[in-house]
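Common to both upcoming complexes is chain A, partnered first by chain B, then by chain C.
Right after this comes the complex of A and B.
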């Protein structure tokens, strides 16, 4: 189950963070997402060391922590998408599919002429789309 | 000496017999052989020792021992392995035990592969026991299994890491963790599980740390398999230390909960004191007295739990947690994983906070808070600030408390969080990040410092043990986290203003506090302190408060109300009258709230005002600081106050052109026309005007070179003003293109002059800048200088253009014409006939508009032979030398100057050599005067001569 998704901007500032859990761990998830930025930084700075190819947006598993697994995705504009899931057995293709859909939703949201780049994404349509994508995750 | 055999059961392992040399001397060799055969001993187990050569014999004994030991272990292992293979016992316990034994024997034999295999077999068999074994009471059964699993895991990890198989070790740890993650046992006593989990992480962290010295570049290892992908962090001991601390935190809180919930757990049972770990790993028993003897008894689960609780309570988990997290923090800091390190710092700080150690907690919270501020993680920041606020409250740091509270309430926490995102019930002391919570903190802080003095006695309720009646002053600058509390934007309406005339200034204040704030008065401060002014709130009683910034008697404005409504600009426009010229800049705006609290906010220009890069107040309508949109976009907090009109005249007395080489004199006259001149200074600058745009690259030489072409030679002090110069101790500084002269004090109507000497080394136009700065009102401390600027472009000209050329010799013999024909390139190098007199025509042309006095000309040859330099002297000849053209053939020169003198007579004479006879034309002479446009034209008769064919020569003179 996806418990949290997040969009993080250039300066590692959160642009959108939404948790999908009834438990009282929203703040914990904020910490998890924030810490995962270290891994992204490391992967981006040392692409050879981590074995990821440069032109691949999907960063794969960032790190496992406690009961969560954290996955990352880096767009061409250096905006980061972070996914936190409680699933132990995660198929890479599912995560890739998720990020592809999420990316499309993000592009739609920031294409809004009223959206100021670098500001938080407050669009309700985006929030709705994201929760739909999260709901359909792993179903197909 | 006879050593006992290794095994009491079998004679397969022969005794090792060593015989000393002494024995050999007594017993014959045959007898010894017979004895050995009788005892059925292999010859290799009988060693002869020479006591004198004992050190040499020892290795032999050692190798014999090790060989025997190896054989023994191999045999034992084989024996036990056969039992496992036969499955003679269906009991899993025994299989675990056998596998362990085989593995230990394999370790003795340094057979790491087999050791690993059997440890793993033991581990897997043990795992199968969970839920099937019924040997012990439920809780103790699980405790035993987990303890043995821990031991086996330790063995396996150690073997893997020592073998350099880092990736395998990490994968193994993951499998171990996930196998037992859910094996919690009784949820009531979950603290046992957390403690066990914590120990697994800790042990693995320590193993990893110890082995990381040997395994250097694990990053190059193939990270994980397709099934189990591994990430960078999983190779760092810091990651495991952090999680060990996390599990221990879980254990701590579970234990605290258990102790607080159950009465039984609170009582420390005396009977649990006699419980000790049994000789069997993972089992516990009680020592009971039975008559004289002490016997060990199995215990019930209840007894065990009491024992476990009393043991757990003895440990200070917090110190362990802090120690591990600190290791983790340092390690992550070294790895430049700032966020992980910050998270560890946060956890450490929370632990210290729980231990009521606010100063240590504050140290680590501060590390965290800086990163969250920088990256704008508002909800995390809110939480940390909440903790820090409590720390400052406990430390009695009132100013910190106010600052942190204000920062918290001004955070852009979105209102939807009230019912949406952050429903975390495990809040820090800051509470939930909601609008209502912000409002309550706001009220708390403002009541603290805004209430009247008589209420201060009750400060203890706020947690502050001292009277907080001392004034509190907060400074907010552009990078302060408190900037959203009070944003001051100041815009002058004009970019240039006249001195002593009114100019408008708009003051806009914005606050992101959740509730309206009433300001008692505002003080606006400028770099010119005379402009500072106060804005008073008419609704507040006038309190004569001492102010360090605004002088008494300065401008005061009154406003019917000064209330900062959240997220709305408070716009105030006033007129101020600057006294002094120069830059007038608004520095800060100081707001006084209540009797003791002041906030000083650095003034910002609307044009340069920017939001924090990561810090946004998204949910509010953005409005402009001023109503005038142009001012809101381009407004500046500084303006330029013009100088008063100068009432002194500076005149430059000459215009040029100047001649190259001449000492050009430029009289400068300073005349007072209404202002007296005090401490006057004349600055003189020569600037090359070639740089205007139309200049070739060659001309754009470095300035130092250029400056040599035109230089200031001297400044001739004022005529007849020598005494005043000495009075004022004048400066006179001259450089090649810069001069500084001080002007003596002049009263109204007086004048002073000096002469500037400039010399041109090359024909070049220059710009002469002269600026006079003076004080019109004597030498007061705050007086301002008035400046007058004058400039003049002066051309530098070449006075003379000198040309020279050789005359070809006249054709004395026309038959020789071909021989003396000039070479085609004769223009450059004239070829001259040898041993003949040649004529050199030298002309000097006056290019100026004025008469020049040519003193002399000299001709020098740079040829070695030609030491025939000559000086051409023109006695007293002066005036204009027009082009000395039209030289007739046959006219001979070694004096080559022709002077035409105004109001004087000049005789031009020349010789003619006729070549043919008959009527001949004389050289035509034309005289043109530039000044009078007169022309001389001799008549045709006067300009012709008849040459007779006969021998006599004809002479003619023409005038």
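Right after this comes the complex of A and C.
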């Protein structure tokens, strides 16, 4: 079950955080997201020599901690999407699909002429779309 | 030279040069954003958009008449239909519908099902009175004024 999704800008400023469980966990989830940013930096700065340079958008499992798994996705503009889930077995294709839809929703939100790049995403449509994507995650 | 018969909006739309829809939407969005930043007053921006539309309309009407070759409209009802079906189709690629005629036949509403100008746009709470598509009102007003029809479009 997905507990939290987050969009972080290229200067590591949070643009959007949405948690899908009870409110008292929210702060802990924010911390988890924050810590995972370090892991992303590490992955980005030290690419594995044997790794391909194509499709480095999906970063995969960043680190399993506590009872959460954290997945990362990096866009070409250095905007990062973080996904925190409590599922024990997670299919790779599911997560990739999720990030693809999430990326599409993000692009629509950013195309809004009233959105200021670098500021928080305040679009209600984006929040709605993200809820829908989370709702339909893993149901196929 | 025999005049060309009136062509449908679809035929004209497919025969003229087109531009990328996203580019168009983003450009219009940038114009509205810039106006808001410069003028800061929503009513002023609405007026400016209407004025810009008016300037476009007075020039657009000639292009419309030349490309579509429609004959004179008999009454206002026909004019409204022409704008909705041929005009919008030709220039925006979408078909509009006419509804809500009042008793005299002097007032109607033109409804656009999907408007390419407003893709991705969400009005922030600070600009709730903004008529985002006011430029279209100006275009219609300007075009009709050039064919000797004084209208008020909101």
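The rule is short, and it goes like this: the second predicted complex is superposed on the first by the 132 of 140 C-alpha atoms of A that agree within 3 Å, B and C clash if a C-alpha of one lies under 4 Å from a C-alpha of the other, contacts with A are read in each partner's own complex, and residues count from 1 in each chain.
Basically, a contact is a pair of C-beta atoms (placed from the backbone, for glycine too) under 8 Å apart; a residue touches a chain by one contact, two chains touch by 3 or more.
Predicted model only: the values in this text are computed from it and were never measured.
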Determine, for the superposed arrangement built on chain A, whether chain B and chain C clash or fit.
fit
Chain A contact check, chain B vs chain C, more residues touched by chain B
Per the contact definition in the header, classify A:61: touching chain B only (first), chain C only (second), both, or neither.
first
Per the contact definition in the header, classify A:122: touching chain B only (first), chain C only (second), both, or neither.
both
In the overlay of the two complexes, what angle sits at the CA centre of chain A between those of chain B and chain C, given in steps of 10 degrees?
100
Answer with first, second, both or neither: which of chain B and chain C does A:39 touch in the superposed model?
first
When the two complexes are placed on top of each other via chain A, what is the minimal CA separation of chain B and chain C in Å?
6
Contact residues common to both interfaces of chain A (with chain B and with chain C)
122
If you look only at chain B, which of its residues touch chain A in the complex?
178, 219, 223, 229, 231-234, 239, 243, 246, 332, 337-340, 343, 346, 375-380, 383, 421-426, 613-614, 616, 618-619
Which part of chain A faces chain B closely enough to touch in the complex?
9, 11-14, 17-19, 24-28, 30-31, 34-35, 37-39, 42-43, 49-51, 60-66, 88, 118-120, 122
Interface with chain C, chain A side, in the complex: residues 108-109, 111-114, 122-125
Chain A-facing residues of chain C, complex:
22, 25-26, 28-30, 32-33, 119-124, 127
